[in-house]
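A, B, C and D are the chain letters, set down in written order, and residue numbers restart from 1 in every chain.
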Amino acid sequence: MIDFTCDYSEGAHPAILQRLMDTNFEQTPGYGEDAYCQSAREKIRSLCGDVDVHFLVGGTQANLTVIAFLLKPWQGVLCADTGHINQHETGAVEATGHKVLALPSKDGKITAAQVEQAMEEHRADATHEHRVQPGMVFIGSPTECGTVYTREELLALSNVCRRYHLPLYLDGARLGYGMAAGNDSLRWEDLTACCDVFYIGGTKVGALFGEAVVIVNPALRTDFRYIMKQRGAMLAKGRLLGLQFDTLFTGHLYETISRHAVEQAQRIRSAFLEKGIPLLFDSPTNQQFPILRREQQAFLAQDFSFCYWEKVDENRDSVRFCTSWATRDEDVTALIHAIEQMP
Amino acid sequence: MIDFTCDYSEGAHPAILQRLMDTNFEQTPGYGEDAYCQSAREKIRSLCGDVDVHFLVGGTQANLTVIAFLLKPWQGVLCADTGHINQHETGAVEATGHKVLALPSKDGKITAAQVEQAMEEHRADATHEHRVQPGMVFIGSPTECGTVYTREELLALSNVCRRYHLPLYLDGARLGYGMAAGNDSLRWEDLTACCDVFYIGGTKVGALFGEAVVIVNPALRTDFRYIMKQRGAMLAKGRLLGLQFDTLFTGHLYETISRHAVEQAQRIRSAFLEKGIPLLFDSPTNQQFPILRREQQAFLAQDFSFCYWEKVDENRDSVRFCTSWATRDEDVTALIHAIEQMP
Amino acid sequence: MIDFTCDYSEGAHPAILQRLMDTNFEQTPGYGEDAYCQSAREKIRSLCGDVDVHFLVGGTQANLTVIAFLLKPWQGVLCADTGHINQHETGAVEATGHKVLALPSKDGKITAAQVEQAMEEHRADATHEHRVQPGMVFIGSPTECGTVYTREELLALSNVCRRYHLPLYLDGARLGYGMAAGNDSLRWEDLTACCDVFYIGGTKVGALFGEAVVIVNPALRTDFRYIMKQRGAMLAKGRLLGLQFDTLFTGHLYETISRHAVEQAQRIRSAFLEKGIPLLFDSPTNQQFPILRREQQAFLAQDFSFCYWEKVDENRDSVRFCTSWATRDEDVTALIHAIEQMP
Amino acid sequence: MIDFTCDYSEGAHPAILQRLMDTNFEQTPGYGEDAYCQSAREKIRSLCGDVDVHFLVGGTQANLTVIAFLLKPWQGVLCADTGHINQHETGAVEATGHKVLALPSKDGKITAAQVEQAMEEHRADATHEHRVQPGMVFIGSPTECGTVYTREELLALSNVCRRYHLPLYLDGARLGYGMAAGNDSLRWEDLTACCDVFYIGGTKVGALFGEAVVIVNPALRTDFRYIMKQRGAMLAKGRLLGLQFDTLFTGHLYETISRHAVEQAQRIRSAFLEKGIPLLFDSPTNQQFPILRREQQAFLAQDFSFCYWEKVDENRDSVRFCTSWATRDEDVTALIHAIEQMP
């Protein structure tokens, strides 16, 4: 059985494990104040400029910590109704006291126009003090649907956010896979020019675990470590995170392994399209969402794991195939062969 | 410079790293539902009987998740004023909405009589609905002071807790070191007989990271995974935690490495006592708290790192020396030699 | 200018003010433990049977206190997307840590089938631990749209709630106006048979302020006063609330004044219908939502205040006219006359 | 039985009830946006200068709303360990996510030196990110012990707060009684010069209910009404609060009735002292804390209600006698007579 269910089925890139082995008996200070974290921060700064970098363990933790850090008690976070924080984090944001203000989305993205409309409606409402005040914008790129924001879309969002004094926060759980999505995909300079805060996903892109929260806006940097500790997000042996990001940002490793994953996903995509299978979302990244008939699903499920997404019509569902840094060329070849044979 | 500052300065026991290497490219389900977590659970059950076991990343996270899980909104948690949750977690418990009800303690421990008194005072207060209702008891063993509860003390606490329907929760960040503290130290059967919930510390006892929350009381087992996810405490690659605890509970490794740490600490303790240095707490575990004059501190600080604890008088402070599973025999020998030479 | 904007524009029924005058210099215990509160509770019990009754100051306060009381930390509250807690309480429920799980509604009501579907979808989702667990159902009757639940609808909701162990909570801010809505409107025995908790609105139905929270389910009665105090919902001079509800439930006053308001609203409704004006909702209660052209709005606004509701099309908006216990017959007659004259 | 248990046993000053009667059928907008609230605000501004004024229902509500408004998520509030928020609000502050950082106090007051020491200790602690950051200072004047801050003490507190950027918040539940405490008691100009926020207590000083939150610091005024609504602290018929404060601040009523209460309390105080009875606190305000033997308590309890405070020694307890705006001269005379007869 070959597993395409998700992008966190394997361990870590071997270079990371090797670093852990090599440094295992070194003694370092805890809580992210060691030299490896410092080195990783410097490497990220070489890409992103003068930013603050904090290493957290996981994505839900990063999201809830950043959002609780940015909002005032009476504020909520605007995001796509499909957004991870609205759907798949067991109300982690609400547990910090804040409403998720969901905007309708068909492909996982929201637009600058939607944010503007939400702000104008809030302002125009004579009873706006009885409503949750929108206090920031959350986006993911890639989204849960595999789609990405273009530079123009991100810039438009950033402009509207600045006009309304809304911090813009980008969840980059699969950031590398988005950056490998094509020539006009987001670059580091787009992220730092447009976002107030974003995170660079490690868990899904080569690390054992870990996400690097990057605070771009200098006005939003004070005291973040307090809330990290409070939310259980400050790892005692912080160097484990530093070592991993230091490795990922040495010799373009993050970029290289991301490109590999996307290339494998695009091979899968092409195979489905050639077979005449429609895709639920037009994804240039590592997740593909073919719409399959029940017997097609059964056929592929003999040798491959994948993930149910949603019902499309009486006979068909969309399903999800994920690749990752760890996906083997021969496994994709086997899958493509099966797609070709599929009824 | 040899570091005795804390018990999480190094990485992990080599057997753990080897397991991570060996299994790196296996594909497993996420979120703790893999075979390694299952195997680790079974090994812990072979020691603890019919219990639920959940793997979380760190101690603050374990504490805030368990406490938020157990308390009703108007309840607080009784604990020693020295307790980690009261002092060193940046208000993590309060951030979940609950007051820490601190009881005075000189050595990190609280007594059954203190809990009983708190409950009787609450009941006797005609305005008790205007006060936070004590809803559970938190203890650590070993405590932050290196002391341990005896079986009799734990049993007495458990009895009073049951009488007042208070869940008893034990923070076992250094549980192994407490179990290695001597013949009458707590055994697994004491923990499961007395506690409703406890956690087995991995971060400080051989793991890269990870704590195993053990829910003993069958009435308190429902839906814990929901709150784990909500608080960012459900690791995507949960197998990393399963693998580590599976290794620690194979062939008595947890026990063996704990005993090593305590033996090294007792060597240090003896050296201080022979030198005529008093100890702030009478610790049979891996933390030792000598009371040193300033020039003694300066002398030892030439070659060793240790941790300031608190001022004792004009000329003296207590400091802390920690050993761990990773402490080398020769490093302790060097420290002992320095203690002997100390002014 | 005659004000039909809302149902809390005036003070209180004169009988209530008289009671406050008559008892002003009596000395009573605080916090709801006085004889007036006790008497009011007994009168409510004579209608509702063996229930617990607590007096709170306002509706948002009642909702947030009851919901925080009923839910576990990882649970959310199912309600109509139009529901007050989802729209007009500035995220009060989220500020207690809980997500509002909004179900689509056209008329302010939700159905048993919707609740069942939500529960089945939650159960069927393999990742349900990553989603907020529905933990209770919130309904209002009358709703924000002026509509009411029939006995059959409420019973169906209650049945599905019991099947899934979901407490059913009814916000009765305008309860009296709902009970006066016609022969098949909800009676006390329907409320106590179907709801676990409901509140009897005073603020909008004759009182200066105050809502009576009625806890029907015996399993949900413990410690409610603790959370009342914690949320600032326990009035020091609790007797003020007791006196008001005692007066409202003496000699059928609550019923009588509610009927008056609904009769006046139905006169307004008839006038609009006779004029050929459509209504946005089919409301048998004290709120009416005619759909008016801009010039019609301007015409009526010369002498009457009313409330903008929502845009219907390019030329028309729905607006809201409220009556209350205090609405004067001659003011409604004047309004009807204007409606007849309206362009 | 004459009741000296507390200062909220009666209703309201008759002038307030009269205003409620006179205005009962006027129609006003809700939520504090009516002309009576506006007028009350102007009267308070005529005493306090350019401040924002918001009317809330009760003291716990005012405290939790202001504190949640002022603090960042990782901050706590410094206050006396005897403080109402630390003792008698069922963890209302913790329920908003914030720790109460209690400072030891013998008489209900804290000093500038204590605040300075807390700040310096926090700064000096190398692990301060693991501790709750002090984010504001809470004081009451009069305190729960009946004591008051002098101008010098308040100014010193204010200076240290400004040096450390800590908002200073004064709970004035009994503010009037403090202002009537003697020639050097706090004046309005002291409050506005020293406090960032304070509240003027109505519930205990002549109103049926209500507290006026005064925000002095212009930097802390934005969006307070959002959090009021969110915490259930925005009264629908806000005019009820406006009317009461407008009345209290017409013709020096607040001042006059406060002075009356304090004069009556001082008569009681003198009677105890003349009888040779010691007082637990040296209170110049409306609460007196004599230390009585059990048989003395029993003797007085035949005709008077008072409140148990705390055990002093084997034979004696301190008890509390409160006067208020409503205390009758002849009742105090009867009490004094009883004190003289006391065994």
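By our rule, contacts are C-beta pairs under 8 Å (C-beta built on N, C-alpha and C of every residue); 3 or more make two chains touch, one makes a residue touch a chain.
Everything numeric here is computed off the predicted structure, so don't read it as measured data.
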item: Chains contacting each of subunit A and subunit D, listed by label; value: B, C
item: Centroid comparison with subunit D (C-alpha atoms), farthest chain; value: A
item: Between the pairs B-D and B-C, the one where more C-beta pairs touch; value: B-D
item: Subunit B-subunit D separation of Cα centroids, rounded to whole Å; value: 42
item: Distance from the mean Cα position of subunit D to that of subunit C, given in whole angstrom; value: 34
item: Chain centre separation in whole Å, for subunit C relative to subunit B (CA means); value: 50
item: Residues of subunit A touching at least two other chains; value: 73-74, 89-91, 95-97, 129-130, 133, 226-227, 229-230, 234
item: Sites on subunit D touched by subunit C in the complex; value: 2-3, 5-6, 8-12, 14, 17, 20-21, 23-30, 57-62, 64-65, 89-92, 95, 203-204, 208-209, 226-227, 229-237, 240, 326
item: Residue ranges of subunit C touching subunit B (in the complex, touch as defined); value: 31, 68-69, 72-74, 96-97, 129-130, 133, 223, 225-227, 229-230, 234
item: Subunit A partner contacts - residues on subunit C that touch it in the complex; value: 73-74, 76, 87-91, 94-100, 126-127, 129-133, 308
